[in-house]
Amino acid sequence: MLADALFLQLGYNAALVALGATALGIAAGAVGAFLYLRKRSLVSDAISHATLPGLALAFIVMVLLGSDGRFLPGLLAGSALSAWLGLWLVSWMSHRTRLAEDAAIGAVLSVFFGFGIVLLTVIQSLPAGRQAGLEGFLLGSTAGMLRSDALTIAAGGLVVLALTYALRRPLLMGAFDPVHARMMGVATRQVDLMLMTLVMAVTVVGLKVVGLILIVALLIIPAVAARFWSDQAERVVLISGALGGLSGYTGAALSATAPDLPTGPIIVLVAFGLFATSLLVAPGRGLLATALRHRQVQQRVHLRQGLLALAHGQPIYEGLTRRILRRQGLTRPDGVATRDGRAAASRALRDENRWQALRRTEHLSELATRDDGLTRIEDVLTSDQIATLDATLAPQKGGA
Amino acid sequence: MSALELITDAGQPVAEDLSQAPLALRGLTVSYHDEPVVFSVDMTIVPGSMTGIIGPNGAGKSTLLKAALGIVTPLAGRVTVWGQPLGKMRDRIAYVPQRASVDWDFPTQVLDVVLMGMYRELGLLRRVRPRHVAHAMECLTRVGMQDFAERQIGQLSGGQQQRVFLARALAQKADLYLLDEPFAGVDAATEAAIIGVLKALRDEGKTVVAVHHDLSTVEAYFDRVFLINRRRMGEGPVATAFTQDALQATYGGRLSDGFVARQSAG
Amino acid sequence: MGFEFVALSLPPLVIGVLAAMACALPGNFLLLRRQALIGDAISHVVLPGIVVAFLITGLVAAVPMMLGAAAAALAAVVLIEAIRRLGNVEPGAAMGVVFTAMFAGGVLLLEQSDTSGVHLDVEHALYGNLESLIWLDATGWASLTDPQALAALPPELPRMALAFLVVAIVTALFWRPLKLSTFDEGFARSLGLPTGLIGLGIVVMAALAAVAAFDAVGSIIVIAMFICPPAAARLMTNRLEHQVAWSLVFATLSAVLGYVLAGYGPLWIGAATSVSAAGMIATVSGLLLAAACLWAPHRTA
């Protein structure tokens, strides 16, 4: 069953949904990366919640016009309109009043959502409203959907993906270097507008698959996860797109295997699994790497301070320093330096004296600013330069 | 304990008597993102002095102050205040943070901010009595802000905000005043007013330590300097420690040659 | 009329007002600390909390569910902090990661477990059921003094009252450290105040209010009340004391107007059924905020 699902053997609709979810996931991942780089991830939360009243109003209008109201493109158009209004209100509030953007986001998302719920209860009282199934848009539901809906989702996912690809250059420039972007004739405002349009497109297409409460997860989680793997914006965008696509595909395929595995939550949980893995094991920024590095730095700092104290015949204040010196055989249990300890101490002192000498040189003193107590002078100067420095030092301070 | 227990080279515990030092740092190292921004710094503040902490941007001046106050946690090292651990001596310390470190749009008034300085006296629930208000007003008067007591803090100029912060520190009735860049972005009148208040404090026997970056006013403002660029670069009376050599070492190539020349000529 | 009002409308009205005020109070501090969206995150994780509590105890009872919700809220806050600090992730994004994942987990558990026949569903967690909290033993205003009738009040009412009382007392008791550490954290730390603990305390208060409120009124009101009344109040005044007072006024107004409009509004325009009270209360709070944005005396800096 699972293998069938992963290889899209569960029927035409399921395959279409998986295709759409994958395309949507890639697009959401990439768009979300741009949002994250601009530190505006949660704007997407306001946008997605703001779709609800539009969705409901579109349904009511279509019913009043005589259709059955479940025409997906019509519903999506309505949701896009109210998302626009919500987005506009967020920026109006944060620019025109003293309220910060986070407050504006929270206000818009809760009020629009609340109003949407009011409209949903109105719809329930309509004769056509009983089977509206609009609740399905809250959490997404792809089970038993119409062929035309599946086609809309697949096409929507591909369109959003194509749009994101087409706009990648100005977005990258805007996310990275707004000043440069402006010089190149790309206005920040326009870039923002493009970005928000894409966020909205992702949201609207994702409504039916992931649902409006969870669609933000696709815009946020892959991007945050991707950021652990690279410091380069282009790579972050690519990785984020890949993680998003993987989540969308796996989620859609898994949920097709059983009726009680809703698509949206599965997609989000797969994305979260990828995030948790990244958080833990990514080299460089991951937790394990960071913890290891922090411990190393702490040990090096204490070792260095301890050696310098030994060299200067100064007392050592801290237990950790004493323990590290003892463990490395640099001092005896009673705190007296061993032969190795004395040698290491005099090396540390020589290094220290070289840095001091470097600070007082005319032409190289700029390099001395790299002295943070841990950087080795050999990494900053050539051996010739060190020899020159040593010549200025008092002769008794150790040999080269 | 009034002294640090130390183990020397010879393995003998000795005591360094720091009970006279309003603030003493030993082997203080602070790192951000695993890069030491302050490395193994010793500092001993002399009672009744006015010390400028001097160094280039990013040299760890503010970090040193924050670590001394326990606002950031050091990676290594110790802080004592009159020979005691910091926690026991907070009543005797007043702190003036960088003006830019708070949100001035916060809904509160000048007098309220000054009263915050009396938190340790007022505690959770003690009522604000007329004498508390009178003391706060007195502190505002000392910095020339008595007419602004009812003003919303967001409506103040940068200089006025800095004076309010100083008034709050005065309200703490401390013996040691630690100021982080008190002259950054303030007008000349405010700078003069602040230095007047600080000198008056020093003359009352209080101890003042200020992070400072304007080299041209060091000699006029301070009687001692502490030079830092990640490491301690020098410490002592202005006359002997604030020298061209020491500055060259502290600032590296970043110090303008013109200034050094002027200093050495003067 | 007296009977109908006391039995059918008074309890939900009072519960709505108490819930709104209990959320608005900590909301003031969240707003000023730029953590307005913590309320959003907390209210989303209530769902997984109650589902897990149900799966463990097999009961649809208030106490285990509230404990579960509270535990989930705390877990979310701790996770957000951990991801923000350890992973060096921007706070908004850290929130987004945590609450969506926990909410998704809750929905999945709910779908996987057999909860048919028990009143436990996503919609209920989202918009509560304020209208159903009626007082059947009431016969009229006189019932307010009748201990026997009072004992049959919907249990949500005393629970919500208790939550509001706790939040109010804690806020009053710790007013000075709350204000001080919100305004100037560095200075607060130099005084020796445990600023980390105070920050956590505010979030715990918010979680308490949210957990007590969700059962009666659902998550939407909770988010709206955390943000809209304090935000509108901020635009009315430049003093924190007055802001908090205004926020309570706005919260009360939203709850009363929202409830009345939801219950009677449709009837006035000739419709047969009422609309969601929770949704309407959120809507009214938004309209009040919009009015404040347009006309309040201190709307700009």
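For reference, chains read A, B and C in written order, and residue numbers begin at 1 within each chain.
As a convention for this text, a contact is a pair of C-beta atoms (placed from the backbone, for glycine too) under 8 Å apart; a residue touches a chain by one contact, two chains touch by 3 or more.
Computed from a prediction, not measured in an experiment: that's the story for all the values here.
In summary, the chains found to touch both subunit A and subunit B are C.
Of all chains, the one whose mean C-alpha position sits at the greatest distance from that of subunit A is B.
Among all pairs of chains, A-C has the largest number of C-beta pairs in contact. Here the chain at the heart of the shown protein, by mean C-alpha position, is A. For the pair subunit A and subunit B, the distance between C-alpha centroids works out to 38 Å. Computed from the mean C-alpha positions, the centre of subunit A lies at a distance of 29 Å from the centre of subunit C. The centroid of the Cα atoms in subunit B and the matching centroid in subunit C are 43 Å apart. Counting partner chains per residue, subunit A has residues 98, 290 touching two or more of them. Contact with two or more other chains is made by residues 105 of subunit B.
Under the contact definition stated at the top, the residues of subunit C that touch 2 or more other chains are 234, 301. Taken in their complex, subunit C has these residues touching subunit A: 31, 34-37, 39-40, 44, 83, 86-90, 92-97, 100-101, 103-105, 107-108, 111-112, 122-123, 126-127, 220-221, 223-224, 226-228, 231, 234-235, 262, 266, 271-276, 278-283, 285-286, 289, 293, 298-301. Across the interface of their complex, subunit B is touched by residues 98, 290, 293-294, 297-298, 301-302, 304-305, 308-310, 313-318, 320-322, 332, 334-337, 356, 359-360, 365-369, 371-374 of subunit A.
Listing the residues of subunit C that touch subunit B in their complex gives 32, 173-177, 179-180, 182-184, 186-187, 189-193, 234, 237-240, 242-243, 301. Taken together, the subunit B residues at the contact with subunit A in this complex read 4, 6-11, 14, 16, 26-27, 29, 31, 34-37, 39-40, 56, 75-78, 105, 229-231, 233, 245, 248-249, 252-254. Residues 66, 69-71, 87, 90, 93, 95, 97, 101-103, 105-109, 112-113, 116, 119-120, 122-125, 152, 154, 168, 178 of subunit B touch subunit C in their complex.
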